[in-house]
Every structure is written in C-alpha cells, then in structure tokens.
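Please find one structure pasted underneath; my questions will follow.
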Amino acid sequence: MIVFDGVEKRFGSTVVLRDLDFTVAPGEHVTLIGPSGSGKTTILRLLMTLEKVNAGSITVGGDSLSHAPNEKALSAVRRRIGMVFQQFNLFPNMTVRGNLVEGPTRVLGLSKDEANSRAADLLELVGLADRIDAHPTQLSGGQQQRVAIARALAMRPSVLLLDEVTSALDPELVAGVLALLRDLGETTDITFLCVTHEMGFARDFSHRVMMFDGGRVIEDAPPERLFTAPEHERTQTFLQAVLRH
Amino acid sequence: MSDLPQILSVLGDGLPDTILATLGGIVLTVVLAFGAGLLLLSPRTWVRGITRVYVEGFRGTSEVVQLFWIYFVLPVLVGYQLVPLVAGIAVLGLNHGAYGAEIVRGAIRSVPRAQYEGAVALNLSPAQRMRRVILPQALVEILPPLNNLFIQLLKSTAVLALITVPEVTRQAREVLIPNFGDDTFLIFGVVFVIYLVLAAVITLVMRLLERWAAGRLGRRPVKADPLEAV
Amino acid sequence: MPLWDWDYAFSILPDLLLALVTTIEITVLGSVVALLLGLVFAVIRRARIPVLDQILWAFIEIVRSTPLLVQVFFLFFALPRLGITLSAFVIGVVGLGVHYATYTSEVYRAGIDAVPKGQWEAAAALSLPRSRVWTGVVLPQAIPRVLPALGNYVISMFKEVPLLLAIGVVEVVNAGREIGSATFRYVEPYTIAGVLFLLLSYPASLLVRRLERRSVRT
C-alpha cells in the first residue's frame, strides 16, 4: 500500500530521514516509536504532503505521491490518505456538522444530504451523535479528538495517519479514544500508520512496530517480539525508559 | 532629466522647513506624550479627566481642522498670530502627543506590578520609582510604536503646505508643478525619495535607541505590533 | 465684533452638514477600496510569488512611508498626463483607498499569521482546494481578530479626508473655508467643522474599543 524508497528529508542542514526504505501492506497497522526528533512525525507529514522529499520516492497504492505528474494526479492519491492530529485542529468557525461535511461536499462532491447522513453515521460510530450541532469549543479534548477522527473517516480514506493523537489529552480521556481506534482497527480494513507513546495501545493494535532513531529504522518487528525481546540495544534502552512509567 | 538639478534645488529649499517641522514636532510630541501619559495615570480623577479631554479631543478630530483652527481661528480669539511653521509644529506636537500619551500610558501599565512593589519596598520616592525602575522598563515597549508615530509625524509635515509653510511638498506643488509640468513624474519621484530617506533616518535612530534601551535591561529589542493602529 | 455669533453659526450649519455628507461618502468608498485591496495584497503576498512579491512589497512600503497628500497630488497632476481624467472626488477616493490599503494589508497579514498552523494542515489533510482553505477556514478565523484594528483605520481615514481640499474636493473643511472667505468670519465654520468630526469619530472609536475588549475575551 505504502512504499518508501530511499527517502531522504533535510531541514536546512539537518538530515532528519536518511535512505529510508520500508513498505506497509494494505490493511496493516504499523506503529512508529522512538525518541523525539527521530523522524517519525516527518514520515507522516511527508505522506500528507505537508513536506516534500529531498531524495527518494513515496508511492501509495501503486501511484506516486512524491513525484505525481500533475496536481490532479497528486490530489487523487492524497485523497486516499487521512490524518488525525495531536492538537485535533477542528475548524473553530464551524460546528461539528460543518467540520464533518466540509471535505465530503467540497472535495468528494457529495450532495449535502449524502454528506449529512454520512456525518450522522460517523458521529454515531464515535459516540457523539447528540453533539452534531455543537461548536468545537464546547467539547472536551477527548470529544474533539473523536470528532477529528470522524472527520478523517468521512473522506473514506484507505490510509489513516495518527500523529500522537492522545498526547494532548487528559489521562482519563485517553482510554476512550484508544478504544475507538481499536474498534476501527478491527471493523475496517484501513491501513494505519501511528506515531504514539502509548505502548500498551501499540502492542494491542499493531501488526508491526518500527523503532526509529536518528532518521533510520533501527528495528522492525511484530509487537510481541519487539516489546518482549528487542534485538537492538537502542530499542532496549528506549523501551526501558518509556515502559517504566 | 535635464531639469533635475533645478528640481533638486527647489525641493532642497523646502528641506529645512520639513526637517524643522519634523524635529520640532517630535520634541513637542515626546514632551506631551510623557507628560500626558503620566498624568493619565494620576490617582486624581480631575487630573485624569482633563488630560483625557486633551487626548480624546486631539485624537478625535482631523489634523487639518486642528491646523486651520490654530492658524486661522486662534489669532481672532487671542489676538496673537502664529508664524505658519510654529503653528504647524504646535499642531504636529499636540496631535501626535495625544497618540503618544496612549502609547506611554499603555507601556507603563504593562510593567509588572511586582516591579512597582519592589521599588516601594526599597523605599524609593514616587519620582525615583518612576525614573529608575518603571520608565526604563516601559521604554522598551514605548520605542517601537513611537517609531511608527514619528514617521506618521514626518508624513504629516506635508499638510503644513496647506497653511503656506514652504516645506518640500509645497515647493513641489507651488513652484515645480506650474513651471516644470513636463517633469511631473520626475518631480514626484524625487519627492517620494526624499520622504523615504527621511523616514529611514528616523527608523535608524529609533532602532539604535531601542537597542540602547534594551541593553540597559540586558534584553533584545522588541518588534512593534502591526495591530496597534496609531 | 462678538467672538461667537450663534445666528451665524446656525445659518451656516446646513451647508456644513451637506459637505459632511460628502466627507462620509468619501470615507465609505475609500474604506471599501482599502478593506478589499488590502486583503488582496495580503493574500497575494502570502503566496510569495518570486518577482511579484518584491514589487508588491516595494509598492506597499513606498505608499505607507510617504505622505498621503503627496500621493493625492501625484494622482491629480500625473494622471492627466497619461490621458486619464478623473474628478477630484474619484482621485480622492482612490488616493485614500490605496494609501490605507497598505495599512490594512499589514493588519490582515498579522491576522492571517495568527491562525494556527494546524488549521492549514488539517485543511490540507482533507485535501480542500486552496480557495476553500482561504474562504472556509483561514479568513473566517483571521478577520474577526483584526476588526478593531481595521475599524481604527476607517476612523483615521475619515479624519484625513479634509486633506482632499488641496485638490478642490468640497468636504467639510473646504466648505468652512469657502463660507469663511465670503464673510471673513472663520471662527464659527472651523469650530463647527471640528465639533462635527469629534461627534462622529469619538463614538466610533469607543465602539471600536468595545469591540477590541470583546474580541480579547473570546
């Protein structure tokens, strides 16, 4: 589904990703872990075309994302990917309904009725059906994040990128969001790429965990193996530090 | 292009008055800005009230009206005719001083209360408190908007042309345009350059002052907020 | 010769009020130009197109840093030489509008910069077309924030309209001058003109201040 081939990303003189190769199969759930600055979030941002690669290529579903021939082709590829952000980033000038129908009506060309009905179904799914006409500011952090997930799902993505989606939430709200994500993982065949610090979630949810450091993949293994018997020393020290909490 | 030397000469004749008006206006503005700014913080209501009348009065009316009033009306009321340049400087100072008062007042109020309390704890007199503790810190907040205000003042000196002050704009309008009509674009080009250069000089001086003021506090200078419409 | 003649004052009031209407017309039209053009400038500048951006920057800086009166004179004397004849009224509106557009463009830029980067990214994540990102997400968040600053500039514009008497526009102060020159009594006309400005701009500035306090709270 996703192929990174020899990708390099620099910010000024700092090399954040170097010669990165990896593949994600359709429907796979991959979690990226590692210290800050190791490049994990940059990978998500490259997939979301918020950044451009300096070298190498990225393909999604067989079509080029990094070297699309024109704007239309790029848009067609990018539309398959959705993203949920750490800071939710709901549009404060619209209601929950507004946020959910925006993409479907403006980009996918759905009619207002179709978009509204899809919005209602998705809010039902995330457990916020009654807040459809509320304003983002009236919702708690956890509720906003669930709306953000619904907003991303409204675009019917084949790939969903999750960028530390629970890091900005109060501890008691985290469980609700993670439970929702687990449900989605089981009931849909969306390909997931997550960056997270929630190791318990990573263990339950992922098919594969990739450990990053200094812009490179240090270790790539199923969670049972990586968490219990990490091969690389860096992974070991990282997990020891993180799992202590 | 061949008329350039004459154009420069005529405009150059207007420079002294433009510069005098600017400098005079700036001096008066600074005096009134700090004076009124401090009075606006007086504990006495009537002092604040009268100062408020001055500030709102000059901020709320047009500069041209103020100019015409001081030049044409005041002489009738008090029997004393001001020379055009002096009338101009007076209006520039009064008008921009009113805006400056708000800048000073806002900056002083933004100095953390803890500073004031610390000064009281050191038994400094009110005057010492202001001079040694509050104002040096407020100065860093005052200088950037003051830079904008002074450039506004420079631009306002052009209005003095309306009361016959022979500054740069009047020279261009009254002397050059009638006689060098073919060089209209050149004339205005030079006039624009003159004002741009003068504005750059003001900004240069203010930046140096900002660095000095910040240096006294061991800080780096602050950028003016574009949302603070002067 | 009394200092103030009430009968005279009341007799000239209608003419001054009529001229005030002209002043207000110019303010409104000039504001429309300034508010729309300034937004255009801000959006274009944000696109950072190589040559255009530099030219626009230079234009904005020059217009912002030089006197409005000189710009008005420039339009008044230079345009006819290009074969363009416009009335003093129109020149006044254009001059004021473009001059203040350079101020409002800075205000808009500050408002746009204040919209969190995450909003742009979320819009990109939904693949929203560029125009919709501006009209649906960014501007609705940027503009309310800067309304007080824009309001203050409109008020400033109103107070600078009398400048146009230099090219013959019959606004309040010019009307006062004409009335005064006929009777040689300038006290009443100019004082009334001043009061009229105060009566309109002071309440307006109070309104803007109230708007400012409210937007700080949200």
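So that you can tell them apart, the chains are marked A, B and C in the order they are listed, and the count of residues begins at 1 in each.
Rule of thumb we're sticking to: contacts are C-beta pairs under 8 Å (C-beta built on N, C-alpha and C of every residue); 3 or more make two chains touch, one makes a residue touch a chain.
Predicted, not measured: the structure shown is a model, and the values here were computed from it.
Ranked by separation of Cα centres from chain A, the top chain is B.
With centres taken as mean CA coordinates, the chain nearest to the overall protein centre is C. Mean C-alpha position of chain B lies 21 Å from that of chain C.
Look at where the CA atoms of chain A average out and do the same for chain C: the two points lie 47 Å apart. In this assembly, the C-alpha centroid of chain A lies 55 Å from the C-alpha centroid of chain B. In chain C, there is no position where the chain touches two or more neighbouring chains simultaneously. Across the complex, chain A meets chain C through its residues 48-50, 75, 78-79, 81-83, 85, 87, 89-94, 102-103, 106-107, 148, 151-152, 155. Taken together, the chain C residues at the contact with chain B in this complex read 3, 62, 65-70, 73-74, 77-78, 81, 103, 106-107, 109-111, 146, 148-149, 152-153, 156, 159-163, 165-166, 173, 176-177, 180, 186-187, 190-191, 193-194, 197-198, 201-202, 205. On chain C, the positions that touch chain A within their shared complex are 116, 118-119, 121-129, 132, 136-137, 140-141. Listing the residues of chain B that touch chain C in their complex gives 56-57, 59-66, 68-69, 72-73, 76-77, 151, 155-159, 161-162, 169, 172-173, 177, 181, 184-185, 188, 191-192, 195-196, 199, 225-229.
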